[in-house]
Amino acid sequence: METLKTISGYFATIGVAFTVGFLFMGFRRILTARVQNRVGPPIYQNLLDIIKLWSKESAINHGLMQHMGPAFSITASVTTLMFIPVLRDGNWFQNFSFEGDLIFLLYIMVFGQLGMALGAGQTGNPNSAIGVSRGLSQIVGYEIPFVLALTALMVYHETTSLHEIMAAQDSIGGWNIFVNPLAFVAGIIAFLGMTHYTPFDVPFAPAELASGPPSEFGGKYLGMMMTSGSIFAFAKLTLFVNLFLGGASNLLELLVKALALYLIPVIIGIVTPRFRTEQAILFFWKWPTIIGILSILWVVWMR
Amino acid sequence: MNTDNIQSLEQAIQFAIERETEAEQMYQKLIRLAEDPKAKELFQELRDMEAQHRQNLQTLDVTGFKEKHNQERVYNMHIADYLIDKKIDDVRTYQEGLMLAARREQMAYQYYSLLAEIYRDNPGLFEFFSVMAREERSHQNDMEKVYDETVFLYN
Amino acid sequence: MREKETTLYLGPQHPGITGNMMVKLKVTGDTIVRAETHVGYLHRGFEKLMEVRNWMQVFPIVCRICVPEPDPNEENLARAIEILEGREVPERAQYIRVMVLELARLASYLLWFGGQSGSAGLYTMPQWSVGDRDYILDLFEELTGGRVYHMYIWAGGVRRDLPEGFADKVLRVMDYLEKRLKHYDNLMLDNSIFQKRAQGVGVIDREKALDWGIVGPPLRGCGFKHDVRIDDPYLVYDKLQFEVPTETGCDVWARALVRRREFEQSISIIRQIMEKMPGGEFYNKVPNPLHWKVPAGDVYVKTESARGEFGYYVVSDGSDKPRRVHVRGPAYVHGITLLEHLLQGANLADVSFIMNSLGTCPPEMER
Amino acid sequence: MEFSLKGMLNPLLALQQAGKRPHTIQFPFEEKKVAERYRGLHFNDLEACIGCGTCSTICQNEAIDMVEINPGDSENAKPGDSGLRPRVDNGRCCWCALCVEVCPSGSLSLTTHYNYVSEDANSFLWTPGVSNPDGHKELSFVSDTSHSLLDYARVPMRELEGKERIKSFAEVVLGYADEEAKKEAARCIGCSICTEVCPVHMHIPEYISAIEHGNNEDAIRIIYDNNPIGETCGKVCTRRCEEVCPLGARGEAIAIRWLKRYATEKAENAEIIREIVNPDIKPPNGKKVGIIGAGPSGLTVAYYLALRGFDVTIYEAKAKAGGMIMYGIPKYRLPLDSLDKQVEYMQSVGVKIHFNTKVGEQISFTEIEKNHDAVFIGIGYEVPYTIGIDGENLENSIQAVNFLRDINADKHVDIGNRVAVIGGGNVAIDAARVSRRLGAEVTILYRRREEDMPADWEEIEGAKHEGVIIKTQAIPLNVVDDGSGRVKGIRYGNARMVTDEKGGRPRPELIEGDEHILELYTIIGAIGQEADYSFIPEDIKEKIGFKSGRIVTNEWQQTSVPHIFAGGDIVNRTADAISAVADGYKAVKGIEQFIFAK
């Protein structure tokens, strides 16, 4: 009985993640359109796109790794999600969180990108290859402030368990965003890098690489990637909500907090041009890294 | 047959048949006399027309007569009224032939109209002669139309 | 040790290219070692086509030589024929032509605003400027019946008179665009990241700019005050007041500022035109187009297009077809020789960025 | 990396736009209303279109081709309509609307309809008007004569003043000057619709184009290619070509006749014609052809057969060649020397003409038959119909054909000072205008309305200018005798017009009692003519088929007697010179085929 409940919980998590993910993306498309003086598509447009893509057949074959790429990507997204507790407490949506899950997440979050990189590299399209190399370079860029921010939190809370970090933020004043704003800033800038919205969309830059890694992928592959993207977006947002906004005790709270967090990359994405690759990496290594180090110092000093 | 001793419809028809036969013979003679191919063609047509009328009369169903005759309005362009009355022996050309035919039809109309007046008391005969008069009037109009279209092409 | 070179084909179908052309890039990492422009994907050899079309049939062809700004082509051809024929153009038609040319310049610059920002990833800007350009296209639609290809200016004048109430509509659009410029500044030109991307990128060698035959905003961005409208006024430009802005940076940023300031000047020119527009005839009718012959002779005419001096060399042998129409488009210099030169050593990310700043117009190279 | 605060915050102001009304519309639910002059997909008014193909000519993309909408349309088309209609390949069209600007009939327009989606590539071949029958409801870019690239106004022909004209038989039309002719010729759109209706299929666009470029000699050569009496036709042709000229749909037709006249008149005498045309005369082939009647058809047969090496002899009853164009057309329309020049030129290429040789009197038909390999009969309609009313034989009641013949032969005719002409054809108008020049007051009595008159409108106008009174719907009833066998006047009645239910032309119906008398000195009948076949022996007459007084021929003008050919008025119903020329031209081929097939 318990097992059944757990398993159904996993599926529920995936369902919620997917739904919230595409709704958020739809929301982003509408907001972007409105700022751009357009009406924009309906909020469920991404769902329609995914359904359409899944219904297509793909005639191109670049070898096994091309099939595996999107599969890796979706696997990584789901796995990441599985190790993120969606709600602070209660029995539902806890998934596989365990002691030290934060360290595990640091690795597993990159896994999807690596899988994609393998798949895209297989296609032989130079645009994909360059996109992949840029993407990996950018990971190198934003991982540093991200790790610094996480380190600050781990040091502060003396734990590597996400659950415990969540539990520690028991009141609004106890939220890490207020307790350690520098870590939040470093983390959110790294988060901008993770979302691949402008100014950090060099891997995909249409004007340069014609969308980069996914350029040889269409139909079901693209559908898989979009599905993966929806789930991964939710996973990341949930992670950040858990880390800095004290998690959520119910789904509604989670949605509100996640949306608030999501607005930051969306808004910045609307109004900024793209950094060049080296500008982006230098940027990550400069401001957010300094802020990240400062946040650790701050924690050390506070303690 | 004399007009005086027409007593019945059958006799009246017989009378009319004789008139048509006379006309037929006249055109036959003209065909022989005419040199102009167009005139010759016209007289042949007229002869055949009269022959057709004669046949129509010969096979006329007396009982159903009243319902069958034509009721449409007949125009009168009055061309024949003012055409020179040609004698048969003078007629050689196409124009003269047409003039003769138009005048003849007109006269036939007048003749039948008169007969209709005379036999006003006899409903059957009156009806027959009226119809014949109307027929002849329509033939006159046909002739006038032909005259209008050919001789009067530029008039 | 030589790094491994990757060959990248930018185009002929590519979101970052300004039309159907290809830039073949040899890249090491993100740096371009060599760039080669390849054209031939777009048009059918218009100059040659014109030699087998009669004079009137040439007008629907020339406007296709530049998609974003077809009118200088029409005006050039019309003016060349008028000079050869000695045909007078009614004054009203001349004013209408200037209005059309300046509206086309605005439309072209709006498209540039979009292209320049879009190639840098600022996707909001193209949506704005292309949307705003549509208000100008609406004006064109009302005036000429066509939105993009107008086929409106032809020998002897213009094709139709202004529709009723057109002047008011033009002025309303001008007021609107002026207001929008502030938003454009906020989003694009004041934007730190845009400035970072544009400054010091695509620098033209000022010493060689004139020798290379660079014209228009790229030349004015190098500090040369060169503008056909001032140097060799045509139509009624000598009766209008306007400035020719210059910048000294020689880079993408300087060219952007030049265009931004010229945008204001064009608005002012259009306002003057609407004020001074005389009445009267708009068309001095040409003979039956099916056998219209233009006297023998040759003539070079030029117009200041949004990309710079736009010249037509027209030769007539006195027959009903042009003997030769040579189009001297600025994009030929900017898009091939200059672009190839500027791309050497540039960052891959800047290829279409530089391309846009030069006003590269593939149909014009490939006429 | 230096960031200014302004550089980071100003872009965020863009977010204000989120509250503004969007620029875009939601397409399938809303549609953009296009401008009044929008150039969308084509529409063609199929009724007004005449299939001239000018749209197809001007289209620089070659997107328009002319097609039959239903199979057989071009065969069944009415005169002046090619039966073809434009079809637009929307894959090629660039919507420049030059086709609209040059459409002479104004049938082609562009519509507000700009959205067309189909998976079937063939459906982009769009026949305007068929593919969008409701397109007339959404017209936007329409053709307007004030904007059109074509010139709808004819270069006016200079003429003598009406008062001047009646003083003499001087030619009324003065002809085009060089510049005028070029200007008029430049209006031509070269569609060849005229060539189709011309009985001879003269190369009209070609010679107009030659005139436009100042190559009159080329024009003359082109004209003489299939019409040896081009100059006569240039003056008096009934010019069906101009009736169908597409420019006539909304303006004035090209003055095709005057242009032909202009070109041919450039050759001042027979030698010059010979020099310009410089015909290729084949060596004699020993075959002889006899031609009866030196009218337009006979002359045409003679000329082209002579060029082909035949020994050609024409037998003409009168003293001069030309037939009806010599004796039927007054001098002020066709001066004598003009015709003489043309006949002289024909004689110079080997045409022999025996004048004053009436077949049946001076020479028998049988003899001609015997001496020649083939015989062509082109005697024309010379015998007039009479008025057919009482008093028609009185003194001074004459026939127009005879009257004109006498005048042209320089005979004196006493017509007095008051003349009535009966009829409404060209002969009637000619007789009236000649009478006017002889100093008489002239009234034309016509049974129908003026618009029913078969005469040329230009002739009617000319007559009016010269002071001819035209009484329409007047039916002559009888000629009034003055008691001494002379005409005293004419009694006529007014008529009302009755429409023919069976579709013929409206018929005049006499209003009884509405009668008037017109006092006159001379009455001229101009009702119509017919042929005199009396010279043909009875046995041959039997064999040759006649129908309504006309000789029946095959398409090569051959009668059922194989070596006898016929043409002109005795064969065709159109009664004009150009049809006679056409018959002659066909007979040339027929005779050649017949003789060499033997």
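Remarks
Each chain gets a letter, A, B, C and D, in the order it is written, and its residues are counted from 1.
Throughout what follows, a residue touches a chain if its C-beta (ideal position, glycine included) is under 8 Å from a C-beta of that chain, and two chains touch if they have at least 3 such contacts.
On a predicted model such as this, the values are computed, not experimentally measured, just so you know.
Comparing chain pairs A-D and C-D by the number of C-beta pairs in contact, the larger count belongs to C-D.
Computed from the mean C-alpha positions, the centre of chain A lies at a distance of 85 Å from the centre of chain D. Annotation: 53 Å between the Cα-based centres of chain C and chain D. The mean-CA centres of chain A and chain B are about 110 angstrom from one another, to the nearest whole unit. Separating the centre of chain B from that of chain D, both taken as means of CA atoms, is a distance of 41 Å. Residues of chain B in contact with two or more other chains: none.
Residue positions of chain C touching 2 or more other chains, listed in rising order: 124, 128, 131, 187, 191, 193, 196. Of all residues in chain A, those that touch two or more other chains are 35-38, 270-272, 279. Because contacts link the chains in a way that matches no line, ring, star or complete pattern, their graph is best described as other. Those residues of chain A that touch chain D in the shared complex are 31, 33-40, 267, 270-272, 279, 282-283, 286-287.
Those residues of chain C that touch chain D in the shared complex are 53, 56-61, 64, 124, 128, 131-132, 134, 138, 141-146, 149, 151, 159-160, 163, 183, 185-187, 190-193, 195-196, 285-291. Contact residues on chain D toward chain C in their complex (touch as defined above): 1, 3-4, 6-8, 10-11, 13-14, 17, 23-24, 34-39, 54, 57-61, 94-98, 101-102, 110, 140-141, 147, 149-151, 186-190, 209, 212. Against chain C, in their complex, chain A makes its touches with residues 32, 35-38, 126-127, 129-130, 134, 198-199, 201-202, 205-208, 210-211, 270-279.
Residues of chain D that touch chain A in their complex: 1, 11-12, 14-15, 17-20, 22-26.
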